[in-house]
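Have a look at the structure that comes next, please.
When the chains are written out, they are named A, B, C and D in that same order, and each has its own residue count from 1.
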Amino acid sequence: MTTENPMQLGMVGLGRMGANLVRRLMRDGHSCVAYDVNPTAVDDLAKEGATGASSLQDFVEKLEQPRTVWLMLPAAIVDSTLDQLVPLLEPGDTVIDGGNSYYRDDITRAQRLVTENLHYVDCGTSGGVWGLDRGYCLMIGGETEVVSRLDPIFKTIAPGKGSAEPTPGRTSTDGTAPDGYLHCGPSGAGHFVKMVHNGVEYGMMAAIAEGLSIIKHADAGKTDRTVDAETTPLRDPWAYQYDINVGEVAEVWRRGSVVGSWLVDLIADAFARSPELDDFSGRVSDSGEGRWTVLAAVDEGVPAPVITASLYERFESRQLGEFTDQILSAMRSEFGGHAEKK
Amino acid sequence: MTTENPMQLGMVGLGRMGANLVRRLMRDGHSCVAYDVNPTAVDDLAKEGATGASSLQDFVEKLEQPRTVWLMLPAAIVDSTLDQLVPLLEPGDTVIDGGNSYYRDDITRAQRLVTENLHYVDCGTSGGVWGLDRGYCLMIGGETEVVSRLDPIFKTIAPGKGSAEPTPGRTSTDGTAPDGYLHCGPSGAGHFVKMVHNGVEYGMMAAIAEGLSIIKHADAGKTDRTVDAETTPLRDPWAYQYDINVGEVAEVWRRGSVVGSWLVDLIADAFARSPELDDFSGRVSDSGEGRWTVLAAVDEGVPAPVITASLYERFESRQLGEFTDQILSAMRSEFGGHAEKK
Amino acid sequence: MTTENPMQLGMVGLGRMGANLVRRLMRDGHSCVAYDVNPTAVDDLAKEGATGASSLQDFVEKLEQPRTVWLMLPAAIVDSTLDQLVPLLEPGDTVIDGGNSYYRDDITRAQRLVTENLHYVDCGTSGGVWGLDRGYCLMIGGETEVVSRLDPIFKTIAPGKGSAEPTPGRTSTDGTAPDGYLHCGPSGAGHFVKMVHNGVEYGMMAAIAEGLSIIKHADAGKTDRTVDAETTPLRDPWAYQYDINVGEVAEVWRRGSVVGSWLVDLIADAFARSPELDDFSGRVSDSGEGRWTVLAAVDEGVPAPVITASLYERFESRQLGEFTDQILSAMRSEFGGHAEKK
Amino acid sequence: MTTENPMQLGMVGLGRMGANLVRRLMRDGHSCVAYDVNPTAVDDLAKEGATGASSLQDFVEKLEQPRTVWLMLPAAIVDSTLDQLVPLLEPGDTVIDGGNSYYRDDITRAQRLVTENLHYVDCGTSGGVWGLDRGYCLMIGGETEVVSRLDPIFKTIAPGKGSAEPTPGRTSTDGTAPDGYLHCGPSGAGHFVKMVHNGVEYGMMAAIAEGLSIIKHADAGKTDRTVDAETTPLRDPWAYQYDINVGEVAEVWRRGSVVGSWLVDLIADAFARSPELDDFSGRVSDSGEGRWTVLAAVDEGVPAPVITASLYERFESRQLGEFTDQILSAMRSEFGGHAEKK
C-alpha cells in the first residue's frame, strides 16, 4: 500500500511506539525526520530510511514548513520538551502529542501554543507493540482544519477499513471512524477519549481475569478448609470438583462467543506460552488513565462502579490497602478477641 | 463445507437457537429430527429438510439408536421435559442440554440418568442470533467417551479454526479449542464455564457502557448546576465542554484498539442504527448466569468486584435499590434536616 | 456550664447551623455579634442576646480586635463573602470557615489572607440539627497559635468529655480529642478530615441501608417471579418467607450490637415515625465531600471500594446511570435479540 | 438487678461466649447447668455457682422439664451435637442455637426437631467479648409461644432499656426491641437478621477503615513517586502534605459526629494502645455471615455493592485475588510489553 498524499513528519521520541510509527509511515511512502536523546535510536531508524537528527535544532531545520512534529514521549517530559521545541518553531507549524497526556494538559498547551501561532493536536494512540502491523487506533483532538490537513498521516497510521468487517447497520459513508481514526473534538478531546478507552480496557481486563480465576478455582471443593470460627466452611464441596484448563477456555472463547475480543486473544496466547503464568507475580501497575477516568466519572456524576472496581483491584494487587486491612484486624480483635490467622 | 462424519440428531425446542442449530447441522450434512410443542415451528423446519415429529413419542421413534437428543429449552422446563422424555429412551441414548441450565442441575440430572443407563451432556452455547452464520462457541461437560462420540456434531456447530487467527504462541496441536468447542470436564463443567462466560460478558458490557457514558457526559460543564447545599458544584466546568459523538467512538474502537471486541462491534452497530438509542429505556434484565457467577466467586473466596458491580448495576437499572435509597434519604433527613430534591 | 474564658465571636450566616452555634456559645457565657443577609435572622438572634449587625461594615465595627469571624455559609459563596469582608478587617484578625469548603480552597485562602496579616482557620463541623444540645464534633486546620487562642470557643462548641465513655486504652491525658475537637494540622487539614468523615458517613449509611433492605426483602420467596428467559428464577423460595419488621430490627440493633451507632439510632427513629418511610422517594443527594473523598483516595492510590460504591449508589438513586443502562440494553438486543421488559 | 422470673437454663459450650452468658444469667438470679467437652471449663463455672455436668447424659438429667438447652458452639459441630442430644431429650423440651449457624440450617433443624415434639429456637447473639457487662443484642427466630416462655432468659441476657437513650419518635410501648432483644419471626429469622447484621458490620468497618487510611495517606505528596510509564504521577503534591494523627481522629469522631458508633470507639481504643497497629499484619478473616449476606442479596435481587465490596476487600487482604492479578499482568505484557514492577 502506498499513500496518495505523501507528507513529511518529524518524530521526537523513538521508543517502541515512536519508532514503529515512523516505520509504518515510511512503509506507506511518507518521509520522516527522527530525533531522540539517545543517538543509537536515531541511527537505527536512519538505517531504515529516516532522516536522522542530532539535536532538536537540527531536527527542526530538517523539516519543511509548515512543520509537523509528533511527540511520542512519557507524559512527564512533554512540557519540558515543548519548552525547548517551541522557540525553534515558526508560525503555522503543528505539534502532535501522541503519548498519554492528561487531556487537561492538552487544553493548557493548545492555549499556550496558539499565542505563538502554532497548532497543537492531541492524539491518543492505542495499539501497543502490535501496532506496526495491525495499525493504531487514533483518537484525535484539535482544530478541524489542522486535523484535516494531517489526514494522510492519520490514515496511514490507522488500521484501515479492511481490518474489521463493516458495521452492518452503518449507512453513513462519512467520517474516518471506519478507517480507525477519529477527530473527536477540540483540544483535549482526543486524549479524553483515549483516557476513557483505557478505563474501559481496565474494566474489560478485570472482567476476563476475574472470570478465568473463578474457573481456575472451580476445584475449591477438593481442598479441606480449616475448621475454625475464622474460616467460612464451603457448604457444597461437591459443586466445586472441577479441574478446568483455563488456557483452553480462553482459546475456545476466541471463536463465536459473546466475549470474543483482542484481550481474550492475548490471554489465550499468554496461557499457550506459560500455562501457569509463572512469569507473573501479580503486581499490576496503573499508569494514570484509569485514575483519570474515575475522576471524570465522579466530576460528571456518572456511576462507574465497574471501571472503578477494576482500578482498585490493581491497587490491591500492589497491597495499597494494607493499612485499611490492619484497621479491620484491629477492630475484630477489639470486639471479638479475634486473632489474625497467619 | 460438509462433515466427513454425518450423524443424526434430534432437537427438542425450536426457538431461535434450536432452529438455527438444526439449520447449521443440516447445512453441513447431518440429519435432524425436530420437535417442538408448537407444530408450526416443526413444519417450518420440515420444509427446510428436517424430519418433523408430532409428539415426543414420535420424535423418539424417528431417532436411530443410540439416540442423541439435544434439548434447547428455557431452563425452567428442562426437568419437566426430562420427566416425559426419559421413559421413552433406551439404554445408551444421550441427552444434551444446550440451554442455560445451572450447572448444579446438570450434576443432579446426570446422576439420575445414569441409573437408567442414559448419558447426559451439558453444553453451554454462546453465539446469540448470529450463531447460524458465525457458529456457536460450545462449552461441554460430561463423560469423555460420550463427548468424543458426538464430536462431529460439535465440530459442525462450532465456528471452526478459520473464524479467528491462530494464537501465535500456541504450539500444541491437540484439542478442539481452536475449533471453538471444548470438553471442559465432567457433568456440569460445560455450564459452569458458560455461566462464568456470561459473568465476564456482564463485566465487559458494563465497562464499555460506563466508558461510553462518561464520554457522552463530557459536556457536563456546559450545563449550570443548581447552586444549593444539596448539589455538588463542578469545580472545572472548562474541562467538560466536549460534544463527542459516542457512536463514532464505538466505531473507531473497532480497529486496532485494545478494547476491540465483538461487543464493541455490536454497540457500534446499535449506534449506527439509532444514534440516541431511543428504543431503549435502560431496564436491563439479568437471566441467572451473572448471579450464579457471583455465588460461585463468593463460595470459592475469589474476589470478583468487577463482575459483581456489573450485576448490581443491572439491579439498579430496574430500581431494585429503591428501599435502600429511601432509608438513606430518611437518615439524611434525621441528622441534617435535608429534604429530598424533586 | 459556663466557660472560664469568655470570648467574643462574630458569626456570618445565621442558617440552622450558624444560629445554633451562636446559641450554644451564648449559653456558655461567650458574647456574639451576628450577621446575615436576612435581617429577620439577625433580629431573632438579637432577641436571644446576640448583638445584631445590619451590614458587614457594622458587623466588623462591633467586634473587638483582634476580631474572630466565623463564616457559616454555603461553600459556593465563601469566596465572594471574603471579597467583601477582607478589606474591612485589620491585621491580626482571624476568619474561621466552619462550613463545608473543599480543603484545597482553604490552602488557597490562607495564602491569600496571610498577605493581609490575617489568619485563616478551617473548621469542619459535624453534628447536624442536633448539635445545639449534643455539641458539634470539630476538625480544625490552621496555625497552631491561632487555633490555641481560640480554644475556649472550640471547647464550648464541642460536646465535651462527658458525652462518651473514656476510651479504656487511652493513657495520654494530652490533647483535646476527648473533648470532641481536634487541631488536625495546617490549613486545610480540618476540612480534609471532615471531608473523609463524610465519606465514611456515606459508607456507613449505605451499609446500614443495604442490610435493612436485604431484611425487608426476606419475603422474596412469597412472590412468584415471572417465568421467562429474561428473569432469574429463585431456586429456594422456601428460604425467603420472612416478614420482618425492619424498624424493630433497627431498634434492637441500638443496644449491645456491634453495629450500634448514631446512624442506627436515627434510622430507628425514622421508622418509629413512619414505618414505611412513605415520605421519601429515594432520591439521595450528594453534596461534595463524598466525591472529594473518592478523588483523594484515587490520588493517594488507596483502594476505597466501599466508600466509592456508596457514592455511586447515590448517583444511581438519581438515575444518573441511565445512558449506561440504555447501552447495555442495546447490546443485549444486538447479540441476543432480547427486548427490554417493561 | 434480679429477674422477677428466675428460670433454669442448660448451656452446652463454655467458650468465651457461652461462659459469659452463664455468668450474666446467674448474676441476675437464674440457675444454670453447664456442660463442655473440656471438664476444666465446667469446673471453672461450677466454682462460680453453676451446676456442672460431666456428660451430655448427666447434663440432661440435671435439667428440669420442660428443659431449655442453649447451644453455644462452632457452627460446624451443631448438627453432630444435636445427634447426641436429641435422643436424650423429651417432648416439650427446647433447644436454642445461640451460635452463628446459617439460617437455612435452622429451618431444617426445626423441621427435624418438631417430629420429636421438641422445640427449636435460633438466636443470633451480638456483643463479643464485651457482652458480659454490656449485655448481648439478641435476634430470635422460632415459635411465638416458645419464645415467649423464654422471655425472662432473653431479658436478662439483653442489655436492657437503660443501655441507650429512648428513640424520640417511638410512641409504641409494645415489643422488646428497646430492651435489646427481638423475636424476628419463625425458624431461621433470628439468624437471618444476625447474618445481615454482620454484613452491615463488615460494611461499616470497611467504611471507617478506608476513611482512616485515606487520612493516613494525606502525606502522599511528601514522597517522590517514581517517574516511569508504569507509575501515575501525583498532579498536585501540594495538596497531600498532611501528617495527621489517625488515632486522634478516631477519638474525636467519638463525640458529636455523624459517624459516632461503637466501632469508632473500638478503633480509637486500638490506636490508643498501639498507634501504628504494629500487632496486625492485615490478614482479615471472614467467617461466613458476610458471604451469606451477599448470597441473600443476590437471590433477592437487592443491590448490595457496599457490603459486597467490604467482603471482597477481606478476600483481597488475604491475597485471594492473586491469580486474577497474574492474568492482568500477563495481558499487559502481551499488548504493551509491560514488565511487572518489583
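The definition used in the following text is that a residue touches a chain if its C-beta (ideal position, glycine included) is under 8 Å from a C-beta of that chain, and two chains touch if they have at least 3 such contacts.
Because the structure is a prediction, the values reported are computed rather than measured.
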item: Minimal step count in the chain contact network, chain B to chain D; value: 1
item: Identity of the chain that, by mean CA position, is farthest from chain C; value: B
item: Where chain A and chain B are represented by their mean Cα positions, the distance between them in whole Å; value: 29
item: Chain A-chain C separation of Cα centroids, rounded to whole Å; value: 39
item: Centroid spacing, where centroids are CA-atom means, of chain B and chain C in whole angstrom; value: 45
item: Multi-partner residues of chain A (each touching 2 or more other chains); value: 128, 206, 208, 210, 212-213, 217, 232, 235, 258, 262-263, 269-270, 291, 299, 301-305, 308-309, 312-313, 316, 321, 323-324, 335
item: In the complex with chain B, residue positions of chain C that touch it; value: 16, 74-76, 100, 102, 128-130, 205-206, 208-210, 212-213, 216-217, 227-233, 235, 262-263, 266-267, 269-271, 274, 277, 279-288, 291, 305, 309, 313-314, 316-317, 321-338, 340-342
item: Touching residues (chain side chain B, partner chain A) in the complex; value: 103-104, 107, 126-128, 131, 134-139, 158-160, 163-165, 167-172, 175-182, 184-186, 188-189, 192-193, 196-204, 206-208, 210-215, 217-218, 220, 232, 234-236, 238-245, 248-249, 251-265, 268-270, 272-273, 293, 296-297, 299-310, 312-313, 316
item: Residues of chain A defined as touching chain C within the complex; value: 258, 291, 294-295, 298-299, 301-305, 308-309, 311-312, 315-316, 320-321, 323-324, 335
